[in-house]
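In this document, chain identifiers A, B and C correspond to the written order of the chains, with residue numbering beginning at 1 in each.
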Amino acid sequence: MKLSQIAEKTRCRMVAANDVEIHGVAGIEDAGCGDLTFIANRKYIKHLKETRASAIILAEEMPEVQIPSLRTSNPYLAFALALELFYEPVVPERGIHPTAVVAPDAELGPNPAIGAFAVVGCGCRLGRDVVLHPHVVLYPGVELGDGAVIHAHATIREKCRLGKRVIVQNGAVIGGDGFGFAPMEKGDFYKIVQAGCVVIEDDVEIGANATIDRAAVGDTLIRRGSKIDNLVQVGHGSHVGEDCVIAAQTGLAGSTRLGRGVRAAGQVGFAGHLQVGDGATFTAQTGVPHDVPPGVIMSGYPAVENATWLRCMAALLKLPDLIKRVRDLEKSVAALRDQSGN
Amino acid sequence: MKLSQIAEKTRCRMVAANDVEIHGVAGIEDAGCGDLTFIANRKYIKHLKETRASAIILAEEMPEVQIPSLRTSNPYLAFALALELFYEPVVPERGIHPTAVVAPDAELGPNPAIGAFAVVGCGCRLGRDVVLHPHVVLYPGVELGDGAVIHAHATIREKCRLGKRVIVQNGAVIGGDGFGFAPMEKGDFYKIVQAGCVVIEDDVEIGANATIDRAAVGDTLIRRGSKIDNLVQVGHGSHVGEDCVIAAQTGLAGSTRLGRGVRAAGQVGFAGHLQVGDGATFTAQTGVPHDVPPGVIMSGYPAVENATWLRCMAALLKLPDLIKRVRDLEKSVAALRDQSGN
Amino acid sequence: MKLSQIAEKTRCRMVAANDVEIHGVAGIEDAGCGDLTFIANRKYIKHLKETRASAIILAEEMPEVQIPSLRTSNPYLAFALALELFYEPVVPERGIHPTAVVAPDAELGPNPAIGAFAVVGCGCRLGRDVVLHPHVVLYPGVELGDGAVIHAHATIREKCRLGKRVIVQNGAVIGGDGFGFAPMEKGDFYKIVQAGCVVIEDDVEIGANATIDRAAVGDTLIRRGSKIDNLVQVGHGSHVGEDCVIAAQTGLAGSTRLGRGVRAAGQVGFAGHLQVGDGATFTAQTGVPHDVPPGVIMSGYPAVENATWLRCMAALLKLPDLIKRVRDLEKSVAALRDQSGN
């Protein structure tokens, strides 16, 4: 494909002496002759001079380069669009695989793709163009919106409702029982039935082996557009706002309330029964025991503002030496006091 | 259902001018007319005045309220019991689904519910009333006690033994190979066969996508009544005592020994080969590298008593300023020494 | 089996008055009469005097013991070899289970063992002696090397390539979509197709419910001999070097590059786009935000050298007291200054 065609389809401005032929898209270190590459992370600017790529997608404000470039205000999006031009997806076979077990009263929309050994329980309702890969299990009463794609070995538990174009990666569990037990006198526990549902709105993606629990009462809710990475735990009754990005291995304890556009890096932990304001960001491994206002960047455990945390962690490295300095001061002051006759 | 009936069935004392009609149970913020609500977490007392619930479950010692209340010494248990009165569980179909593959020599107790595509390996022995949801896999030689419930996509590996009423949530793996490798001269590793079993006693619950590993020798053991949350890792040869509560994403490295009634909040890590005393509690993200005595509350990494940790973390926020103060002191002391002629 | 036979098969030197009969291998605390035991972890030396084992595997340099011993330079390996002499593995049935769904164009090598409900997608190519336990799903275009063993409920996504003797534990997901989204103007996200593959070289083991993501471009790569524990996340485009050992619940964010022989204890987090040198070691819960040179031992977050971290954490416990001491010094210095007329 000519670079000019790619420019058109990705809505970029082409800056090039020649309209080169492009065969594929590759990372800046791996790209060779015929490849289009991109810079999405500033760490990789250093590779610009050495790349063997035939062309590059760049932000408008980036410096001039020797090779043909596609300029845009959103290079990451242009990269995504360019990639699709060369990508050959695995297209799931349409229809219902003869081995699938679909309850007689389940309602399937037009054009389903239901794979081998998939199980669709009683009373399930699926929109149009839904894809269930092999080995998906829908417990009774599940609802899936148009275009939902559920990957192999994912489970959607009873009565959970997923919106349009929701993607559930392999092995994710939507609607497992919340971790709710009433403590008894003798130290043992009484299991509390988890009567609530999980509701996942349109355009959400749930990562592989992630777990989104149902609650005893009320819904666990993932709002429109949020992206939940692999191995994330969303506890019973938590609400995740719109367009949140929750990276791998993060955990929300239960009844956590995240506002809109919250971002959590990996392995963050949120205690239960707390509120996080819109647009708050959490760096990796942050532990959040309390409410957080909108827009802040938080780090550490217990979480404080990132700038404070950075200052404290830098100071901590000086602490062993500081202890010595205080000891020296104590000696000096004692000597001065002796000398002054106190 | 009348509130008085609920009071009787939940063994509560009714405090009410009118015996109101209750249609369901809901959280204090979501409850509307006809709902019974409850306060289990003190954070929610502030909502007492605004709730639109028709009645509330409260501890005996809580203040008087305007709406009808059910008083009890264990409001959380009363809530659980009340919830059951209105809950319509999904009842798995009894019998053996025609697609299930059950080994000819497997012994099934009375009244099984074995779902679609379940696999029961050679020599498995199942008690009465066992539920295997669709897509459960039991490797050969597994034993399940009466009333055990195994959810879709859970795997129980060879020869593991689960007690009565054990519940395994979706995707959990019981008896995967422990992470044991003998280091070789060239830096590579020799896999050690994991010949041990996992033994899970009565009334244990294992969360979704949790992993409980088998060991090379000896049993990995989860004792009676313990509750293990989603995505928890229990390493090879670890023992979890009775009535422990281990929250999501916590990890036990291997050969860890937890006493009775230990509680770990989310994302806690226990190093291997250590002993934790009965009733010890660990706050979220605590890292435990050493033995811990009974009854203490531990935090931080390396774990120290919670009170110490809180004091240290508060002090840490003052450290950048403290460094400045020490520098000032050093100047002052130098000046004093100059002045005194030293 | 006679101890002398075991000595021969494990290449140990026997030190024994009598050539005792051995019936099994057990841990030092559980071992009884007829058992061979071992010490692999120095913590257990204290049990040496009380063990009821009939014989023990010991390193050459360990002190003399009362019971017969097998001496070797690698006691852990000798233990592994001895254990195999008594271990009766579950042998998967060879052939293709009648319920398995194998694409007509899939190429199977000699002597396959393909379990119930396994799915082998179009264009898959399997080497000789491959074992697919029940409920394994191979998406189209997967390649598995000779002797690969894939456990129940594991998924290998489209076009991923696994080498010889790779073992994938239950529920692991190889090749799930990387967590890549282009931010859009309104705060929502555009999913980037994940066109890359996961490549896993020979002799790698992947733990239960671990997730190894594919990338938008380029391969995610696990090199020969590396061992990845349960619930580990390997992000899109990361490379794990040869003979690495990555313990449970560790996460690699994306485009992380680990050298050869890197060791990470549990719950470690690696930020994306960083390089870790050969042989670096990370203690549990370490958070790694930057490049790390070869051979170092790192701890804490942000990670520093372990010795520094230990010193800082010890100092932190003294910080509350240090603050008091500084306050006292300030008073003393103020008094001295008053006295000296400043």
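The rule is short, and it goes like this: a residue touches a chain if its C-beta (ideal position, glycine included) is under 8 Å from a C-beta of that chain, and two chains touch if they have at least 3 such contacts.
Quick caveat, the model's predicted, so the values are computed rather than measured.
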Numbering shared by both copies at the subunit C-subunit A contact, with half separating same from different: different
Equivalent-chain rotation between subunit C and subunit B, CA atoms, steps of 5 degrees: 120
Geometric centre distance via CA averages, subunit C-subunit A, whole Å: 24
Subunit A residues counted as touching two or more neighbouring chains: 99, 117, 135, 153, 171, 209, 231, 249, 267, 285, 316, 319, 322, 326, 329, 333, 336, 340
Complex contacts: residues of subunit C adjacent to subunit A: 99, 101, 117, 119, 135, 137, 139-141, 153, 155, 157-159, 171, 173, 176-177, 179, 181-185, 187-193, 195, 209, 211, 213, 216-218, 231, 233, 235, 237, 249, 251, 253, 267, 269, 271, 273, 285, 287, 289, 301-302, 304, 308, 311-312, 314-316, 318-319, 322, 325-326, 329, 332-333, 335-336, 339-340
Contact footprint of subunit C on subunit A as seen in their complex: 25-27, 30, 41, 43-44, 74, 76-77, 79-80, 83-84, 86-87, 89-90, 97, 99, 115-117, 133-135, 151-153, 167, 169-171, 203, 205, 207-209, 225, 227, 229-231, 242-243, 245, 247-249, 260-261, 265-267, 284-285, 313, 316-317, 319-320, 322-323, 326, 329-330, 333, 336-337, 340, 342
